[in-house]
Amino acid sequence: MRKSRLEAFSDGVIAILITIMVLELKVPHGEDWRALGPVVPGFLSYVLSFVYLGIYWNNHHHMLHTVEQITGSILWANLHLLFWLSLIPFTTAWMGENGFGAVPTAGYGVVLFMAAIAYFILQQRIIAAQGPNSLLRRAIGGDWKGRLSPVLYLIAILAAFRAAWLSQGIYVLVALIWLVPDRRIERVLADHHG
Amino acid sequence: MRKSRLEAFSDGVIAILITIMVLELKVPHGEDWRALGPVVPGFLSYVLSFVYLGIYWNNHHHMLHTVEQITGSILWANLHLLFWLSLIPFTTAWMGENGFGAVPTAGYGVVLFMAAIAYFILQQRIIAAQGPNSLLRRAIGGDWKGRLSPVLYLIAILAAFRAAWLSQGIYVLVALIWLVPDRRIERVLADHHG
Amino acid sequence: MRKSRLEAFSDGVIAILITIMVLELKVPHGEDWRALGPVVPGFLSYVLSFVYLGIYWNNHHHMLHTVEQITGSILWANLHLLFWLSLIPFTTAWMGENGFGAVPTAGYGVVLFMAAIAYFILQQRIIAAQGPNSLLRRAIGGDWKGRLSPVLYLIAILAAFRAAWLSQGIYVLVALIWLVPDRRIERVLADHHG
Amino acid sequence: MRKSRLEAFSDGVIAILITIMVLELKVPHGEDWRALGPVVPGFLSYVLSFVYLGIYWNNHHHMLHTVEQITGSILWANLHLLFWLSLIPFTTAWMGENGFGAVPTAGYGVVLFMAAIAYFILQQRIIAAQGPNSLLRRAIGGDWKGRLSPVLYLIAILAAFRAAWLSQGIYVLVALIWLVPDRRIERVLADHHG
């Protein structure tokens, strides 16, 4: 029961975040196609952030599938993750309104990096609570995606000051890595239940 | 269980979208009835979009009734649909603030068209997952509404540059087509359960 | 199951409406107490609308308790009610930003009046769906509150052009009428289950 | 069933509040790190309020665990609590945009104080409804945190006019007091169920 309320609360926050980003897309002041021009960078960063939040929602969903008991530290690790995700609309708008400048692009990466760390901490808290036979530990295995992503974010943050387009390419790349279906957790769960 | 979380997340996003559109209705700066004048176009496009989101919520609801297992591709097809729906507040505000000009009217149709395509893709993903005896395939039958709507949207997009009022009439027409009760899915489900 | 999704969607919309109104309270530009002065009318109309939305949530909740089957017409009558409720943040902000002027005060009443009518329609749709032994019909009995409220709103709308304070007094009065606990539905339900 | 809807509604409101605060973080107009300077106070007050709302969500969650029957007075005491919580984004933005000035800092404390009182009232309503063997009364015991917090808020409100940094320190202190895990309710519940 407590788990369902944690899920519902997290879903609510992520649903709101994914939706209010659209409020940051400034309605154009004009009625020809050129009026859309200044909106394009904002739109592109909106698409990227929408995909990231979708990935987080999806992964969060899978991860909580393995959980049976919510402890205090899981609860706060979860709020910590939601905190960093809640900054995504802010950095999305900053990057979008400044035409993908160097510093906003780096700032976007900083928030993604912190969210990845927060996700990792939440994962560790769950594994610790599950004890030596942790279902989640078996499910994530080597967790190469979870280990690679923060490294790529760090590279992107540094690269932003040389070539912001490179950083943006890295953000797209990390999203693609996660979009490729990853059935580890599903498989381990199926084994577990089967 | 996974299905209920997908439903709850989609409901959350649609509930937020249907509600935040009202934030785009600029509060009039004046206190006589004439101060409401500039709000009228925004209000009318708000009503139209409210009805469209209500229809999507209703149809989404019926469609998911037939689903038992959420696959990865259903999950992402659903997020893809939510993405296009999330742009409705943006095009609603653009159309409303520019007094139903040609380009914003066409842009409004583009988002409706893409949402209809995304809905179609989601439907196909569910049918594919259900296999040869797909309950949803039987339920939608010839799906003439689903096939006609994108064609009408395309006509409306093109018509916007000649006569924007014609496009807006088409948007109202499509909404009415969907508002007329359509008991196919309910009937097939009743047969299935009865 | 369908009913729980209708409840969840309605709860979501009302929760968002009750919350986004606070976004219309403009953050004061100053840091002494006098900076709060211009916020006072907005704050008072916020309190009033918060109470009204709380009453609607509460009554909606009780009414749906009596429902077992959601029909298409109940679903759309419910969306119709949510539509008028969704305009409350708009009229709240308009009334608040114009220091309770005559026309915004009347406009506030128009939305309350339409919401009351929409609530009445929803009630009738549920009673019709429940047939001759409608539990809801027995529960609401004479429904004097539901009949009196629209009349009082109409008086308030007309009075606004003479004495806006009188209209505002009527809005407060109607809220108080509903706040007084009304155990009819609870009693009939208890009889029904007991 | 009624309890689950009260929980869902409260969760929805708190999830929205915790999220819309980020809309008050004004997107910087510039693309170097210095553009972030004016955002820092707003960011710090956002962090503080995020933690407070997280604590309220967590405690609310535990408190409702002990409840079986929702009465009318519990329902309205809960809405009263949500009302004061709903003002947190407003005072957060006011304090953040004025660089932690004296009056906004005091105003922030007034809302925290009122929320603490509202929480206390809700707690008393639940204990009264549970009768002489109230599970919640045993769970909260002496409730020293609940009694100390309003006193500290009052001190902070008064201190704001002398030294706003002291008030802000007190707000951080109270948050830390609540963050320290407090297993009373969990323990009593475990005894109760075990």
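In order of appearance the chains are A, B, C and D, and numbering begins at 1 in each one.
Operating definition for what follows: contacts are C-beta pairs under 8 Å (C-beta built on N, C-alpha and C of every residue); 3 or more make two chains touch, one makes a residue touch a chain.
For clarity, every value in this text was computed on a predicted model and none was experimentally measured.
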Chain B against chain A, contact positions shared by both copies (same if over half, else different): different
Equivalent-chain rotation between chain C and chain B, CA atoms, steps of 5 degrees: 90
Approximate Å spacing (C-alpha centroids) for the pair chain C, chain D: 26
Inter-chain centre distance, chain A versus chain C - centres from mean C-alpha coordinates, in Å: 37
Per-residue multi-chain contacts in chain C, two or more chains: 8, 12, 16, 20, 23
Complex interface listing, chain C residues touching chain B: 2, 5, 8-9, 12-13, 16-17, 20, 23-24, 72, 75-76, 79, 82-83, 86-87, 89-90, 93-94, 97-98, 101-104, 107
List of chain C residues in touch with chain D within their complex: 7-8, 11-12, 14-16, 18-20, 22-23, 25, 27-33, 35-36, 47, 50, 54, 57-58, 61, 65, 179, 181, 183
